[in-house]
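The first chain written gets the first letter, and so on, giving A, B, C and D; residue counts start at 1 in each chain.
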Amino acid sequence: MLTAPKHTGWRAKAFEVIFEADTPAGKFFDLALIAAIFLSVLVVMLDSVASIHVRFGVFLRAAEWFFTILFTVEYITRLSCVGRPRKYATSFFGVVDLLAVLPTYVSLIIPGTQYLLVVRVLRTLRIFRILKLGEMMRETSVLRRALYASRRKIFIFFFAVMTLVVIMGSMMYLIEGPASGFNNIPRSIYWAIVTLTTVGYGDISPQTGLGRAFASVVMLLGYSIIAVPSGIITGQIMSESRKGHAISTQACPRCSSEGHDADAAHCKFCGARL
Amino acid sequence: MLTAPKHTGWRAKAFEVIFEADTPAGKFFDLALIAAIFLSVLVVMLDSVASIHVRFGVFLRAAEWFFTILFTVEYITRLSCVGRPRKYATSFFGVVDLLAVLPTYVSLIIPGTQYLLVVRVLRTLRIFRILKLGEMMRETSVLRRALYASRRKIFIFFFAVMTLVVIMGSMMYLIEGPASGFNNIPRSIYWAIVTLTTVGYGDISPQTGLGRAFASVVMLLGYSIIAVPSGIITGQIMSESRKGHAISTQACPRCSSEGHDADAAHCKFCGARL
Amino acid sequence: MLTAPKHTGWRAKAFEVIFEADTPAGKFFDLALIAAIFLSVLVVMLDSVASIHVRFGVFLRAAEWFFTILFTVEYITRLSCVGRPRKYATSFFGVVDLLAVLPTYVSLIIPGTQYLLVVRVLRTLRIFRILKLGEMMRETSVLRRALYASRRKIFIFFFAVMTLVVIMGSMMYLIEGPASGFNNIPRSIYWAIVTLTTVGYGDISPQTGLGRAFASVVMLLGYSIIAVPSGIITGQIMSESRKGHAISTQACPRCSSEGHDADAAHCKFCGARL
Amino acid sequence: MLTAPKHTGWRAKAFEVIFEADTPAGKFFDLALIAAIFLSVLVVMLDSVASIHVRFGVFLRAAEWFFTILFTVEYITRLSCVGRPRKYATSFFGVVDLLAVLPTYVSLIIPGTQYLLVVRVLRTLRIFRILKLGEMMRETSVLRRALYASRRKIFIFFFAVMTLVVIMGSMMYLIEGPASGFNNIPRSIYWAIVTLTTVGYGDISPQTGLGRAFASVVMLLGYSIIAVPSGIITGQIMSESRKGHAISTQACPRCSSEGHDADAAHCKFCGARL
C-alpha cells in the first residue's frame, strides 16, 4: 500500500523495520509497538480512577508523557522514511497515529482532553498486519465484504427503525406524559430506542396501563425485527464464503456445464476434462 | 403508479416536478421536501422540551404554522395536478400527507394534539423514490417479499408467544403476589413480555426464591425462542436472494420456459437441450 | 385423530359440530368457542385488578361462573358424543378442557386458585384447526419438525449453559459477596442467568471493580453464545423447508440422477422423461 | 482415549466399571456418579443460603465431607486402575476430578474456599459418555467443529468489539462525567459493554441529552452487530451439517476418491463414471 522510499541507508532500514512485518526485526517492532500501545492506554484508564490518581498521579502523568514522546518520535520517523509522506499522513493509520499523540499536547492548554488518548487503542488494529500471513486476512475480508454487500439493506433497515422509533416515542409521550419520566419527545425517543433494542435500562419505564400495553407492542416488535439484520448478514456471510470456497466459475469445454467444485478436474456431468 | 394528468400547462409541469424524481427539478423538489419534513419534525420535538419551549416557544409555534401551511399548499397542489385525485387521496402517501397537516389545525380546538405531527416523519419514506434508480428498490423488495412470505410462520410464532406470556404471567402472579409488584395479571403479563423479549427493565422483578427460579425458566425460554423468528426470516431472505441468483436466466429454446437451475443441461419441462 | 362415534342421532350431529371444522356449523361453533374463551380469560384478568374488582367484582364473578358452567356442559357433551371417550379425556385438548373448568370449583374450597383459569388460553390453540384447510398446518409442521430435529443440539446447548451458569454464579458469589446483593449461590446463579440471557433487570448488579470485570466476561459470553441456538434453528428451518419444497426424491430412469426439482418433467442431466 | 491397564484381577474389573459405559455395571456406575455429583453440588449451594446454613449447617457440612471422601476414594481408584496414570491425571477430566475434592481440604486452612466445590458440576459433563452410543456425539461434534472453524472470525469480531467498547466508554466518560455515575474510564467501559450486549442493568445510565443521544448510537450499533456472530455461527453450522449430508458417500470405482456431490454422474477427479 505504502511505497518504499527512494532513499538508501538508515531510511530504507527504518522503513523495513517500521512498515513491514515479514522480517524478524519488523515483527519484533510491531509486537513491541502493540505492547507499548496497550500499556499507554492502560495508563490513561488508570489515571481516570480517582483513588489511583491520588496515589500514583505523578507517576502516571510521567508515563503518559514518556509514551507520547515515544509515539511522537515514531510518527516523525514514519513520516521521514516513507516514500510518499503525504499519502501516509492522510491514510487511516496516519491520521490515527497523529491523533494518538495530539491530546497530550492539547491537554497543556485545555485540561481533561488527555482522556482522548484512548483513541490510541485504534492503533492496535495494526495487529492484523502481523497475522496477515495466516488465514486472518481472508476471514476479515469475508466479514468486510459481507457487511459491504449488505450496506443498502442495512441502510433501509435503519431508516425504517428510525422512523418507527420517532413515531413510537412520540405516541408514548402523548400516552404517558411527564409524570412517568417521559418529559419530552427526544427523551421518549431515547426510551423507544432503549426498548426496541432490548437494552431496557429501566431508568424510564411506563407507569400507566395503556403505556404498558403500548410498551409491550414495542418490545414484541423489537423482538421480531432484531431478526432482520441477523438474517441479512447471515445470508451475506454464507453467500460470501460459498463464493470464495466451493464453486469454480469454469465451464465444461464439452458440455458447458457449470457449478463444478474448485478442486474438480473433470466435468461432473459428462466426464470431459475441465 | 399514479397516472399522469390529462391537463397540459402548469398542471402537467407541476405533476412532473412533484410526482417524478427523474428530472433535475423533480429531484431537487424531493430533496427540498425531505429537508423541510426533517426540519418540521425537529421543530415539533424541540417544542416538547420544557426549557426550549419557554425560551423559543413563539418562534417554534410560528415555524410549525409555516410548515403546516407549506405542506397544505403542497397537498392541494398534488390533489389538483394528479390525474385521478381520489386514487391519490386514498393511497398510503395521500393519507400520510393529510395526516401531516391536520394535527396543527386540530390543536386549535384540542390543545396538545400538535405532537401528532411527528407522523410527518413517515413522509420521508419518499426518500426511497429518489434512490429508486439504483439498487435500492430491489433490496427493499427482497426484504419485503421475505417478510411477506414468512407472514404465516410469524403469525403462528406470535400466537404461541402470546399464549405462553399469558400463562407465565398468571403463574408469576400466583407465585409472587402483590408484595413484589405483581399487583394483577395484566401487569404480570407485562412483566412476562419484558422478560421473554430480554428487555428487562427491572421495574418489576421477582423477590422470592421460587419466583426467581420460575423467572429463570422464562428467561432461558426467551433466550432460545428468540432464535425462531431469526431462523424464519434468515431462511426466507436467503431463499429469496437465492431465487434471484442461483437460477439461470436462460430460457428453453424449444418451449421458452424459464427458471432452470444453473447446472441444468436439459430443459426440465420438455427435455430439449438448453 | 379422534374416531367418529358409533352412535347416530344427536350424538353424531353434535360430534360433527363440535369436533369438525369443515361444515359451516362446525366452523361457527369453533369461532364462537374461541370468542368465549378469550372473553372468559379477559374476565379472569380484569378480576385480578384491585380497582376493577372493587367496582365490578360481583359481575365478573357471575361471568366467571357463567363461562365455567358453559365449558363444563361443553366438556360433558364432548365426552358423551366422541367415539372413544377415554382417548379424548387423556389427549392434550381433553386435559386442557378439564383444567379449564376445574379451578373455579376448586376455588370454592381454596380461594385464589381461580386465577389458574387463564390456562383456558391454551384452548385457543384450537384456532389452528379452523385454519387447517389453508397453508397454516404445513408451516406449523415445518416449525415443529425443525424444533424436533434440533432437540439433541438444543439439549446439549442447555446442558452446557446450565453448567456455565452454575460455575459463573458461584464465582461471582465468591467475588462480590453478600454486600452487593449476591447473598447466596442460588441467587448468584439467578444473576448469571439474568446476565447471560441479556435480560439484565439490574436488581442485582456487581459493585466492585473485579465483579464488574467478571460480569463483562459473562455478558460478552452471553452475547456470542446467543448465536448458537439461532444458528441451530436457522439451519434446521432452512433444511426442513428445502426438503418440503424444492427437491423431488425421484431418480431419473435412464441416468439415475437425483436432485430434480419437484416440478421437473424431464431429467435435467440427460433429458429422459422422469 | 485412556489405555486399558496391563493388570488383571480387580484392577481390570475396576477399570471396566469406572472408565467404560458399555457394560450394565459401567452404565450404572456413571449414573450413580452423576446423581452423587448433582447432590453434592446441591449441598454446597444450600449451605451458602444463610437461613438454611443456620438450621442444617452441621448436616450439610457432614454431607460435604461424605461426598469429598467418596470422590477422593474414586479419584485414587481411577489413578491406580488406569493404564497410564500420568496421562489421566493431566487430562481434562483428571484435573476436574482433582479440583472437585481439593477445596474441602483447603477450606480447613482458608475458610470460604469450599464454595469452589461447585466446580464439581463440570464432572457431570461425563453424562455425554453415557449417551455416546446414540446420536449425541455426532451432534456435539457438529457444534464443536462449527465453533472451531469460526474461531478466527470470532477472534476478529471480539477484537473489534473490544476496541469499540474502549473508545465508546471513554467518550461517554468525557460526555457525562462523574455526576451521572461515569466515575472513571474502566467503569464507563463496563457501561459500554452492558449497553452494547443489550444487557442494560440500568445501574449506570446517561443523564444528559448528549449522553442519551450517544447511548442511542451505541445501542443501535449493538443491535446490528449482534447479528455478526449469529451470522458467522449459523453459516458454519449449516456448512458443517451440509458437509455430512449433501455429499455422496460413494467412492470412485477407478481412483477411490471420495467427497463427490450427490448429483455427480462422473468422478470429478478422474472422470470415470460413478
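Criterion: a contact is a pair of C-beta atoms (placed from the backbone, for glycine too) under 8 Å apart; a residue touches a chain by one contact, two chains touch by 3 or more.
Keep in mind it's a predicted model, so treat the numbers as computed, not measured.
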| item | value |
| --- | --- |
| Those chains which touch chain C and also touch chain B | A, D |
| Fitting chain A to chain D on CA atoms, where both chains share a sequence, rotation angle to nearest 5 degrees | 90 |
| Proportion of interface numbers common to chain C and chain D (over half same, under half different) | different |
| Repeat of interface A-B, chosen from B-C, A-C or B-D - more than half of residue-number contact pairs shared | B-C |
| Whole-Å gap between the CA centroids of chain C and chain D | 29 |
| Centre-to-centre distance between chain C and chain A (centres being mean Cα positions), rounded to whole Å | 40 |
| Set of chain B residues in contact with two or more other chains | 186, 189, 198-202, 226, 230, 232, 234-235, 238, 263, 265 |
| Pairwise touch network: line, ring, star, complete, or other | complete |
| Contacting residues of chain D [partner chain C, same complex] | 41, 44-45, 48-50, 112, 115-116, 118-119, 121-122, 124-125, 127-128, 135-136, 139-140, 142-143, 146, 154, 158, 161, 186-187, 189-190, 193-194, 196-203, 226, 229-230, 232-238, 241, 245, 262-263, 265 |
| Contact set on chain A toward chain B in their complex | 152-153, 156-157, 159, 163, 166-167, 170, 173-174, 183-186, 189, 195, 198-202, 205, 209, 212-213, 215-216, 219-220, 222-224, 226-228, 230-232, 234-235, 238-239, 255, 257-259, 269 |
| Complex interface listing, chain C residues touching chain A | 198-202, 230, 234, 269 |
